[in-house]
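Across the two complexes that follow, chain A remains constant while its partner is chain B and subsequently chain C.
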Partner chain A sequence: MTTALLVWKMLLFRLKEFAVSAWFLLISVLQPIIFATIAFYMFRTGGKPGTLLYAALGAGMMGIWSSTLFGSGGALQWQRWQGTLELLVASPPPFVIVLLPMALATSITGAYALVSTLVWGRLLFGVPLHLAHPVAFAVAVPVTVLALGLMGLLLASSFVLYRHANALSNLLEYPVWVASGLIFPISLLPGWSHPISWILAPTWGVRAIRAAALGGSPWGPIGWAALLGVVYLALAAVFLRIFEYQARARATLSLT
Partner chain B sequence: MAVIEATDLRRVYETTTGVFRRRPLEVEAVRGISFEVAEGELFGLLGPNGAGKTTTIKMLITLLLPTSGSARVLGHDVVEDAREVRKKIGYVFGGDRGLYERLSALDNLRYFAELYGVTGRAQKKRIGEVLEIVGLTGREQERVEGYSRGMRQRLHIGRGILHDPPVVFLDEPTLGVDPVGSRELRQTISGLVQAGKTVLLTTHYMFEADTLCDRVAVIARGRIVGHGTPRELKSHVADRTVVEVEAFGVDEETVRRLRGMPGVTSVSIEDRDQAQVLTIQSPRGLALTQELPAWLDGAAVGRIEAREPTLEDAYIALVTESAE
Partner chain C sequence: MIRFWRVFFVGGLLAYRALFNWIRPWIYIPTMLGAPIFQLVFFTKLGQYSGAGDKSFFVVGNAVQVCAMSSIYGMTMAVANERWFGTLGPLLASPANRLAVFLGRGVPVLANGLFVSAFGFGIGVVLLGFRPPTHAIPALAVVVIVTAASCTAFGMLLGSIGLRAKDFFFAANLAYFLMLLFCGVNIPLHVMPEWMQIVGRSVPLTHGIMAARRVSAGASLGDVSGLVWAELGIGAAYAASAYLLFRFLERESRRRAVLDTL
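Up next, the complex of A and B:
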């Protein structure tokens, strides 16, 4: 309970920190609108009924992923630059507890992307916002945001040790969009790539959200997204223990 | 029981050299350091830049693993019981970094209070006390980005003592702070010791060490080259005379020549404003002032003054002798 309260308080602090970052808000709000606009035009040309909401949800998810990726990837490097990483590592709680709110805050801030995309789609393109399963939708969105945050935590864990690893985040944006089926269904991808898609939380998150909004069975994908989130958290906890020890051995905590 | 114990601490950094053909390179930053700090003591680690002070302090606060040797803080091993050590210590680094700039001082303190388990009503009370101690009451709602260097440094100290730790590590806390700010910080540090805390302070400001520290260890090239109370260290050079020469245009060759002057035990040079100040040590009774202008041939010589040795002279003598 104490740990949960600590995570909650630190999450509020991180959200406040992001809220005063114009750059981060720009990434979270404006970028998805640009993606959404492109996606709307592409899907409208296809002329299939119901695909505009499909595109809007995909574009919103793209925004959540971008925010999580750049936020989690950049957060640790930013802590290094401003000299706070050592303070965080040397604080009493396990580092995973310190890093968790940071990663969750990036995906929660990214949820603005979903909201702004849907509002944009409604106002400019007349996208109908009728939800097939409103309750499931209300569950699917936070579970997905949480799972993506935990995926960001797993990625960020390696950034403790490898200070240039956040450059990797630039490479992971587009492949995850494609492999998770955010732009088009993964059934269009070659069979060998499907196992990769299955271990990515956005795959199940977007399936859950689309099924809840457009009709289908959302609970299975919600469960998979939640399960993957738990696995990411467990792996991140193990990795962070190892990487923190190695960072103390290699003296990489204060290097920028 | 000693509160801080370092036994034969050693730290080697592994790095690489070269651009295309990288070769491994080992840098031995700390070479077998041992010392103890007693409860309620303010212990100073003095040394020039790169002497190994920060590396030593980072090993003690669990941010770096020692390559060999061991260290204990309040009986806890800094490698095996890192979490226990972390709970019981506070630490402050000098410089501008280490704060969340876009947020207020209050937000910064609240965040670190949560991390250190100071929550609820106790947090509000403690933050109020800490702001009072570091003299930032009334300024806590302002964003840190608008703070002066001295204010930031005081906020750092506030952050470091939020959880009321019995042991505080201060790594060059007055670095880059103006004289008035430094004096206020020194008062704050004195207050910590009066409140019963054990403090380990690293600095290369001799006046600071002389004023604040109960005992000091001088560290040079990763080794302790002298330790004791400031008075004991000063006695190391009590048999010497120090001559300070204000000059212009003194080059390396002249300094080398001076070091060879009969009776001279050490020469150091420091740029001060527009001038250079040479500090020359020699055995007491040896009158150098008459001869010096001739040895400084080619340089413009201003004031020449003989004075009693200070802690800084003892420090310079120890560091210089360790290099020979």
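Up next, the complex of A and C:
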């Protein structure tokens, strides 16, 4: 109960913090709108106007990932810069419980991207917002957001050791967009890359959301996204114990 | 005159080394080389799927555009970070020629932008099957140099704004993303609404990318000289505006005693 309350309070705190951050406004609203506009024009130019909702959903998912990635990468780095990382590590709750709300808050904030791109597409490009399976859509979105947040937690756990997490964040934005097939199918990628796609929650998340919105079977991908989220959480808990100990033993925790 | 060039070259290099002393291979490689690889792959595959253009359209557009990573972010930091590092006061108290101080900072940034762009073209050749005619490479190099210089001038303007503005990184990031949209990097300019085309034609990159595409398709430098001169003119206009803004904000900051206010 105490743990749940702690996670909830910290989640609310982080959500409020991110809500007034210009950086998150850029990553979660402006950047997805810009990428959605590029995608809309590209699909129109290529004579595929029927796929505009496909593009809007993909661009929204791209925004959720960007927010999660930069938020998770930045979460530890910001604590380092502010000198509060040691205090958080030294506090009584397990570090995974401290980090979990941060990671979840980044992906929840990222969900603004999905709303932004859908509204933008509707208002400026006349993208229809008819959902094939509204109930499944209402389930797919939170499950995907949660799974991405847990993926962010797994990333953040490795960032405990890596002092230049921000640089790694800069690198990982496009590869996950590509490998997850967020805006084009992974069948365009070489076969060897497909297993990588399968272990990424955004792959299943976007499939679930698309199937729920455009038609298809969303429940299988929803299940896979949820399962991957659980696996990420378990791995993050293990890694965090190991990495946190190593960072403390090497006295590298607060090095910037 | 010797003093001017000494401040321009040596001062520019020293400033770069001082302001970017945090750059290490494990920061530089993922950010400046890793990200462009995937940007090229992303847009080329998206172009392939959407049918919006052939492979070379996206390779050239993005390989030229990635120079903006250095030109926009690097140049913004090369000017605005003096305030954040607390060195703006001593810098402006020195009698050094301001034009030399200002423009000298652009040289290392420009060199870095060219390197990143060349790397982008290399990735296009190795990973994406981009094959420009061999005789086009010198002309392509000239176009990329002019475009990167023009982008650096734009970065100077953003950096000058950063002398006073608090959240200049927000502006730099937004500018970078908007250039992806407005400059015809991934969308042919003519498919955009008129007002977007006007915006696109008034900022760096657009003419350079158009020139680079035509050169890659076999045109000579003479054939695209109009575009290259337009790109150069836009760059010169931004550099002049940036310098004037820099001087204005310097004077205002002194007058209001807010030089180092963060």
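Basically, the second predicted complex is superposed on the first by the 250 of 256 C-alpha atoms of A that agree within 3 Å, B and C clash if a C-alpha of one lies under 4 Å from a C-alpha of the other, contacts with A are read in each partner's own complex, and residues count from 1 in each chain.
Here is the rule we go by: contacts are C-beta pairs under 8 Å (C-beta built on N, C-alpha and C of every residue); 3 or more make two chains touch, one makes a residue touch a chain.
All values reported here derive from a predicted model rather than from experimental measurement.
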_Simultaneous placement of chain C and chain B on chain A, clash or fit_ = fit
*Check the residue A:164 against both partner chains and state whether it touches chain B (first), chain C (second), both, or neither.*
second
*Examine A:189 and indicate which partner it touches, taking first as chain B and second as chain C; both and neither are also allowed.*
second
*With the two complexes superposed on chain A, say which partner A:26 touches: chain B (first), chain C (second), both, or neither.*
second
*Where does A:37 make contact in the superposed view: on chain B (first), on chain C (second), on both, or on neither?*
second
*asked:* With chain A as the corner point, what is the angle to chain B and chain C based on their C-alpha centres after superposing, as a multiple of 10 degrees?
replied: 80
*Pick one for A:251: touches chain B only (first), chain C only (second), both, or neither.*
first
*Thinking of the overlay built on chain A, is A:200 touched by chain B (first), by chain C (second), by both, or by neither?*
neither
*asked:* Quick check for you: in the superposed arrangement, does A:46 touch first (chain B), second (chain C), both or neither?
replied: second
*Applying the touch criterion given at the start, work out whether A:178 contacts chain B, chain C, both or neither, answering first, second, both or neither.*
second
_Least Cα gap, in Å, left between chain B and chain C after the two complexes are fitted on chain A_ = 11
*If you look only at chain B, which of its residues touch chain A in the complex?*
13-14, 58, 61-65, 83, 86-87, 91, 93, 95-103, 107, 110-112, 114-117, 119, 159
*Could you please specify the touching residues of chain A with respect to chain B in the complex?*
5-6, 9-10, 13, 16-17, 20-21, 82-84, 86-93, 98, 245, 248-251, 253-254
*What residues of chain C sit close enough to touch chain A in their complex?*
24, 26-27, 30-31, 34-35, 38-39, 41-42, 45-53, 167, 170, 173-174, 177-178, 180-181, 186-188, 191-192
*Mind pulling up the chain A residues that touch chain C in the complex?*
22-23, 26, 30-31, 34-35, 37-39, 41-48, 51, 164, 167-168, 170-171, 173-175, 177-178, 183-185, 188-189
